[in-house]
Amino acid sequence: MNRKKGETHWIIPDGFIPPLSSGELISHESICIVNCNNEDTAIYITIYFEDRDPIEKIPMMIHSKRSHHIRTSSLELNGEKIPVNVPYSIEVESDLPIIVQYSRLDSTQPGLALMSTMGYPLKSE
Amino acid sequence: MNRKKGETHWIIPDGFIPPLSSGELISHESICIVNCNNEDTAIYITIYFEDRDPIEKIPMMIHSKRSHHIRTSSLELNGEKIPVNVPYSIEVESDLPIIVQYSRLDSTQPGLALMSTMGYPLKSE
Amino acid sequence: MNRKKGETHWIIPDGFIPPLSSGELISHESICIVNCNNEDTAIYITIYFEDRDPIEKIPMMIHSKRSHHIRTSSLELNGEKIPVNVPYSIEVESDLPIIVQYSRLDSTQPGLALMSTMGYPLKSE
Amino acid sequence: MNRKKGETHWIIPDGFIPPLSSGELISHESICIVNCNNEDTAIYITIYFEDRDPIEKIPMMIHSKRSHHIRTSSLELNGEKIPVNVPYSIEVESDLPIIVQYSRLDSTQPGLALMSTMGYPLKSE
């Protein structure tokens, strides 16, 4: 069977880096990506904000047959990073098909919270 | 590549505003929307209840290239709002394609809980 | 626009009723359904177990333009119910198109946990 | 109606077995599968890592009309298992169509966290 190994354009509307943590685990988000192709692929991450222009097309390399868990707090373009405590949205574009999931861990209050969802794939018209 | 930037009709069956909060974070839900088009778009939110007629087509503007995180407790039409502690469902219609995610934070008990899912897109027949 | 108001066949692989609760909220699951059609529809819920035959086609009525949040612990056919503390799966079939989401609240330990996902729609071949 | 009972290729990008637990519930992940076909089916689970080659095609049998909740910590091939505290990704291939959901319970901190999502289905081109 010849299957397409994912999609090349993904959206995650609900991004938010919690400013506080408690206990053993640090509050954070991850963009989780797997590349099932036989070749590495470039990806480009765009960050949309509520009240200002996006940070556009942060480049990154995703290796063949590898899992990548990208902490959103590590993303940076020309010295600009995603601020904590600000609602935002994520767009992931890639040269080769990939699969994208988003997860957040919030330890603001004692007792951990997790949430996760697949990204939403945009398909060609 | 010419891609459709989402869908114009989304459903979230599980809505619920928790009546109680504890600690630093207030229990709330957000409808998270990103508009990747080059133009603003109008959206219309309908709220379905278990035991009475819906609140239909609450209008709102979603700006181009922006992220919107709409607290469901802020929605209002002719003075009518979504009551707390009541299970309900959400329909989002928009003029231009958008992407819709739903998230809930519940701090009723010490120790936070989060849940999230993409909305379900209704497509043209 | 003429849109199909959902799908008539949905699957939720991960069902589980937690046996314990603490604090103010009772551990429970909900199958959340919205019927956007102008007519009521019958639905039929089948429960799959790990080690025995399914409970097949528990009937229920879903009203037009209403939200339904069905506690799985309330489902019953010929006196048979879903036991607590047992992993199982859920199938929802309906006469008219609907949209189905699944959510679980677990308060086994102090501090609440939530999880939620859309059901997986099976489409005609 | 003749419906396809799911898909034969599923991806879950965000896998992680939490190393710690507290309280009554052990931190764990489950791959939840339901086989709605009239026949048993073989499945093959591949695990992708961040920094080394995958564990490929761990075989397993999924019974007809049954629910399966597979703890990822139980997966093993030639004595190799998924280590705890390591981000990874999951691929599930099957001979017959199935439906796949992923859930994680994290009790690292007092107060439980849950997250869940449907797997992402790869379709034939």
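Chains here go by letter, A, B, C and D, matching the order in which they are written, and residues are numbered from 1 within each.
Everything that follows uses one rule, which is that a contact is a pair of C-beta atoms (placed from the backbone, for glycine too) under 8 Å apart; a residue touches a chain by one contact, two chains touch by 3 or more.
Molecules present, by chain and UniProt name: A, B, C, D = Sensory rhodopsin transducer.
The shown structure was predicted, so the numbers you read here are calculated from the model rather than taken from an experiment.
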Sharing over half of the contact pairs with C-D by residue number is what counts; pick that pair out of B-D, A-B or A-C.
A-B
Over half shared or under half: which fits the residue numbers at the contact of copies chain A (Sensory rhodopsin transducer) and chain D (Sensory rhodopsin transducer), same or different?
different
Could you work out how far the Cα centre of chain B (Sensory rhodopsin transducer) sits from that of chain D (Sensory rhodopsin transducer), in whole Å?
30
Distance between the CA centroids of chain B (Sensory rhodopsin transducer) and chain C (Sensory rhodopsin transducer) (whole Å) is 21
Multi-partner residues in chain B (Sensory rhodopsin transducer) (2 or more other chains touched) are 110-118
Could you pull out which chain D (Sensory rhodopsin transducer) residues touch chain A (Sensory rhodopsin transducer) in their complex?
8-9, 11-16, 20, 48-51, 53-54, 87-89, 91, 104, 106, 108-118, 120, 122-125
Which residues of chain D (Sensory rhodopsin transducer) touch chain B (Sensory rhodopsin transducer) in their complex?
110-111, 113, 117
Chain D (Sensory rhodopsin transducer) touches which residues of chain A (Sensory rhodopsin transducer) in the complex?
1-6, 23-25, 30, 32-34, 36, 65-69, 99-101, 103, 105, 107, 110-118
